[in-house]
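Everything below concerns the one structure shown next.
Which chain is which? They are A, B, C, D and E, in the order written, and residues in each are numbered from 1.
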Amino acid sequence: MFELTLQAVYSGLLAGGWYAMVALGLALVFGTMRIINLAHGELVLLAAYVAFEMERSFGLNPIAAIPVALVVVGLTALLVYFLIGRIRHDRELNSLILTFGIAIVLTNVILMTWSADIRSTSVGWFMDGAVIADTLFSMNSEVLFFGAGVALVGGTYWWLNHTWHGRALRAVSSNRNAAMLMGVNPARVEAMSFVVSAVLATVSGVALYTASVVFPALGHGLTIKAFVITVLAGLGSVPGVLLGAVILGVGETMTATFAKPSLQELTGMVIFLLILFLRPSGLFGRKVVGK
Amino acid sequence: ETFTLGSQVPLTGNLARVGTGMHEGISVAIAMANKELGGKHEFKVSTIDDESNPAKAVAAVEKLASEGVVALTGGYGSNIIGPASEAAAKSDLVYITSGGVAPELTHRDLDTFFRINNSEGYGKAMLGLLKDMGVKKVSVIYSNKEATDAMAKYVEEGLKEAGVEVTTHEFDASTTDFKSIMNKVKLRDRSDAIAMIGYENDYVGILRAASVLKPEAKAIVGVWSLATSQMNTEFHDLVQNVYGTSLLPYPVKFSGDEAVEFSATYKEMFGKEPDYLGQFGYVQTRLLIDAVVAAADKGEVSGKTVAQELRSLKADTLIGDVAFDENGDNPNFSHRMGQHQGDRVEIVWPEKAATAKMNFPAVPW
Amino acid sequence: MTALLDVRTLRAGYGSINVLWDVDLTVQEGRTTVIVGPNGAGKTTLLRAVMGLVKTSSGDIALHGESLARTRTWDIVDRGVVMIPEGRMVFPDMSVLDNLLMGAYPRSGRPRWKQNLERVFDLFPRLRERRSQMAGSLSGGEAQMLAMGRGLMEEPKVLLIDEPSLGLAPVIVDEIFKILADLKAQGLTVVLVEQNTSRALAIADHVNLMRSGRVLLSRPAAEVNLDRLHDLYFARETA
Amino acid sequence: MTMMRSGLLLGFLAVAYLGVPLLFGGMDYVMSLVIAALTIAGIAVAWALLGNLGGLVSFGHAAFFGVGAYVSALLVMDNGWPVLPAMLAGGLGAAIASVATMPALRLRGPYFALAILAYAHIFKILAVEFSSITGGAGGLLSIPGFPTVFGLDLASKTGAYVLILTIVLAWMAVYHAIRRSTWGLALRAMHDSELATRVVGVPSTHLKAVMLVVSAFMTGVVGAFNAHQISFLDPEYAFSGTWTVLPIAAAIFGGYRTVWGPLMGALVVYLLDQLVFKEIMPSGHQLVFGVLLGAMILLSPQGLMPLLARLGVARPRRETAPQAAAPHATEDGNARA
Amino acid sequence: MLALDDVSMNFGGVAALRNVTFAMDEGETLGLIGPNGAGKTTLFNVISGVLTPSAGRLEFAGKPLGKAANWRRARQGIGRTFQIPQPMHELTVRENLMVAQRFGAGRTDGRRIDEILDLLDLTAKQHIDAAHGLALTEQKALEVGKALAVEPRLLMLDEVLGGLETATKRAFGQTLQRVRERYGLTMIVIEHDIETIKTLCPRVVVLNFGELIADGTPDEVFNDARVIRSYTGDSAA
């Protein structure tokens, strides 16, 4: 019983670290531009497939493929940004359709390029067991990318809160015109948020490729999960994302362990609704009353 | 005379993989038949992606009907096949498939519906193997999709009847991390064997979780999509000693001429070893072609005549004997079990078809 | 004496609505230029046009004789022109401290942000008290102080201020005008839009009166008579 | 309504009710596609009503679609109800289900959108788990089809077409009527300034709740229609995200602030995709669909209707095409809390 | 007409209102003043039901307000403006008033709307999109208009005169007097301009740090030492 719980919490924590990485990419863009990038899951997936291609064609270790994936995903993200920038009216809603369209295009490009077969790394090390104190089991890849995830999330947090650029990013989202009056070029700052989001997508995509299997239809579900966490967190809050991701991860493994694994999805949704009804603006959201 | 067969399969979305696999078999069947018929009759296939959506599948069938196809082959998922085959019946077209195993499908009084496999066939093989192993306790891990759910119920009941203790773990199709389940299997169930009922990505996840947690099972058994050449090459270490339904060993040692030719044609057309999806797609289409030819030779090709031909046929095929009952089901269908052994997939059950002895007890780690 | 900022026959507005009609405005270096005028005259619009926040349809704005026509808002800020908008233009979901730090975002303000922050906190102790509160939940007057304080963090060459005394208690209004006098003494160029005409005139070097999108009067402060100004102010719109 | 407008409307009705069946009645395939497109349109109208009037963007209309479908199918199969009343009951069921989602009305923007999505997920899982009633993951097969009414066999393609067409037009009429009322005015006012609207006496939450119920009812009826038309149901299908995504795409594509937009959007999006793109690219046609969606947003962001209006086909209406300046132009930027 | 008994409001650690108690009669005009952040707007929010007080009771027209929702209070006759104008988006100026009248007063009467528009000098702008296209003072006028369209018995004005030039302010003050007499209103006016308060309000209440520190005629209040120290400074003289 105790061992089961321990393992469930541990697995959930590891999953949460990865969720956080995926979600933060989405949350960042959402926080800065009030735009939900529905193609974010596909960006993650794209990184995974680039890693796969590098491994298949050049025998590159997935870790070594990260820079290549970064270039591909980064450029794609900038393209998405460029297209969003062309929207003139009602950006919040119209960007949904635009990025949804982009997601469809990406899914199909992936399908046509790499076929519908399932893919995963063949580097055995990633799947080897990393056992802590004879009771906590995980794969090397999970531990590695949990560390990477926490570092990246922490780094992003620091960047947002303690650098001029990070602050400018938040300022643009808070009041675009006022930010311009402070000498901020909103377009540059927003593009930067896309690039950072691409970095997060890349690393989480490679993590996915090494710890799990990928196939073209996967992206949509990733976006939804990331979105759930983002909303759970409260608008663009980094600690909220981390906390939300861990709650989700642990909640899922606990359900799988102590109830029915098939109710895992339900748990996620119920936690989500519970938190929203208790705190309508998310875990770390803040509400401003009209004057 | 030229006949066009219609094919409605998923080529995009979640089921894109299986749909594509089946369609490859269909193409091989057409190519081989045309060669054999030597110009007397010519067959073509017209394919529409149903996007795993019943409404689109129905529309696809109707479109194919309006194009004048003589019969339909394809379909994946009982949910899709149900409405699609009803639409086919309305247009008086035979619908033959291997993609839907739900029992209800053959209890709808549709004269034009046929399928060459059913869940019992898979279930029987899995049960037979487990019983022969003499295991006392089995953990069944299954996806909550319609086909897997039905299969799991079947296996659970069968095992219980045989006095085997069973625990079940139902998971959601979107699950990727199976460590929680595997941990329960390891610490709570302590079972002799693990039965997996899902799809490729699920198997990989479950096996990885098992390799990390190393429960003390003696055998790991799965169903479709597992004892395949592709799994053997792509997840070589992970699947060692794992069992799954398989009609043929790998590398294929085909006995009959047809089998040899099938394998050669498949490799030529798609550059890879045929897998079970291709085999089923091939067999269903081949039977259909033969029935159409027979009906044509008797003078009239219609849903009724083709169905008649199919119902009266008794064939020895790549997947064993096929003969349809009045519901269009193939009661003869019974599967075999293969095991990944090194670079090979050996048939280990039933004994009379075995190509090697099973490694037991043995697990991948 | 050189004209630091020169607005020539400027027309500007919002979409299809034109607000400014051939406005001329000259701002001398080191002087305090005051713009007064009834509500809806286009004062705010003029300041916003200078900052590039409002599209101009004709005319030109020049800084040191160089046209700002194609310069975007943030580059204008980098060139030392800063606007302090009224209090609604704070960053509502950032803390008071972060709002102030945003004021130091232009490169000119960054090196001395610490001293400047202390100075602002000394001027408005209320802000020090509220440093970690979200700006959106400040009271109206507190937000106004914040906007002022944030502008003071920027160390500009030209400061455009829109109604700084709006919604402030009399004690604080006194404080604001003291600050304005200080800025003037330091030699900063200031353009001030203010409704408190008498107090504005007291620190003005030059006065402009706007009405209905036009500049009706532009005089050195010494030559302006408050009563005459009021007559113009309330004149029926016949001219 | 001007003479010309009513003339146009009559012409449209004539073409829709007589022209289409006469022209395509024999072509099952085309009729199937049109029926599917109208099904999407029905949801799209309901979605637009909630989105435009209630100011609530929902990502989970599949929830109401699925509930409506199940309620109707089960009433007919287990309790022997006639199909048409059962469909209305399906709508009612969805409306009742929407009451369960009402706590979500406290939420705004994406928070609301996702909360409804969560409900859709939960309903789906419940449908799987309560297998004794719903048939579980296996679903329901051979659901009875439509009856014959006034000599028109609704189970035929033409009959089903007339039925869904009538439903969609009825929903559009409801949308139109609500929008023109003072309620419509208040509802529009609420979007970005709910508090301001409340302090002048508008019970905004009640109004939104009513919109939610109406929208759910509409969606539920369409779901019930689909169940009897396809004669099959399973949780995966009934609560599929498709029932949310396609209608949203259609509504925005057509212009969700107009009454005709959702219908036009659904017809164009679905038929173009299935008839044209699928012909050109049998397996990757969704790619073209994605490009089309993106291009539309970039080229005519207010949707198809304003585009048509610009081309002189339809007359724009003031209330329907707000000349909202780009958000940057407002004094307080995009910072409306 | 309105009575507050021991009303407090806390935001986390900040006490925006502390045990505020006062009452006012029908037809009275009350000036509410105090330093920035004293809690004036918060008091309006509490009375109009935008915020729920942490403690205390409120009574309006002889009946306890209890937990009545803000829209219900509007229908009961409490009209208010926002210090930061909040026009109803997507509607024109006139439509703003129409909605307020239809829901707040429960009737439609175009003449009264014309009258309000005219009083507030908004007639020329009535078909303009209210969210965009109004100067700050015009937005404030619209705030007053909406509150009047509700046909309130109690009208609460939050710095609607702020940003007006001194003389204009005086003129607008007279307009408000007329409005009050015309519609028989009870009014609370928040205002920082001492002259305006003196001419408009026979009675003044002063808040400081959420506490009610003075209540009396303008003369009494502006000579109160605590008021001078915290609020008016030297300029009171």
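Points to keep in mind about this one:
Just so it is clear, a residue touches a chain if its C-beta (ideal position, glycine included) is under 8 Å from a C-beta of that chain, and two chains touch if they have at least 3 such contacts.
Since the structure is predicted, the reported quantities are computational estimates derived from the model, not experimental observations.
Among the other chains, the CA centroid farthest from that of chain C is the one of B.
Among the remaining chains, B is positioned farthest from chain E, on the basis of C-alpha centroids.
Averaged C-alpha coordinates give centres for chain B and chain D that are 38 Å from one another.
Chain D has its Cα centroid 31 Å from the Cα centroid of chain A.
Chain B and chain C, compared by their mean Cα positions, are separated by 76 Å. Our note on geometry: chain A versus chain E, Cα centroid distance of 47 Å, whole angstroms. Annotation for chain E: residues 41, 50, 82-84, 86, 132, 158 touch two or more other chains. Contact of a single residue of chain C with at least two other chains is seen at positions 14, 88-89, 91-93, 136-137, 139-140. Touching two or more other chains at once are residues 128, 195-196, 283-284, 286, 323-325, 329-333, 335, 337 of chain D. Interface residues of chain D facing chain E in the complex, by the touch rule stated above, are 182, 185-186, 188-193, 195-204, 322-325, 329-330.
Contact residues on chain A toward chain D in their complex (touch as defined above): 30, 34, 36, 83, 86-98, 100-105, 107-109, 111-112, 173-179, 220, 224, 227-228, 231, 262-263, 265-266, 269-270, 272-273, 276-277, 280-282, 287-290. Against chain C, in their complex, chain A makes its touches with residues 164, 167-168, 170-171, 174-175, 177-185, 235, 286, 288-289, 291.
Contacts from chain C toward chain E in the complex involve residues 14, 17, 36, 38-40, 44, 86, 88, 126, 130, 133, 137-142, 144-145, 163, 166-174, 195-198, 230, 233-234. On the side of chain E, the complex with chain D involves touching residues 48, 50, 69-72, 74-75, 79-80, 82, 86-91, 95-96, 98-100, 102-106, 108, 129, 131-132, 146-147, 149-150.
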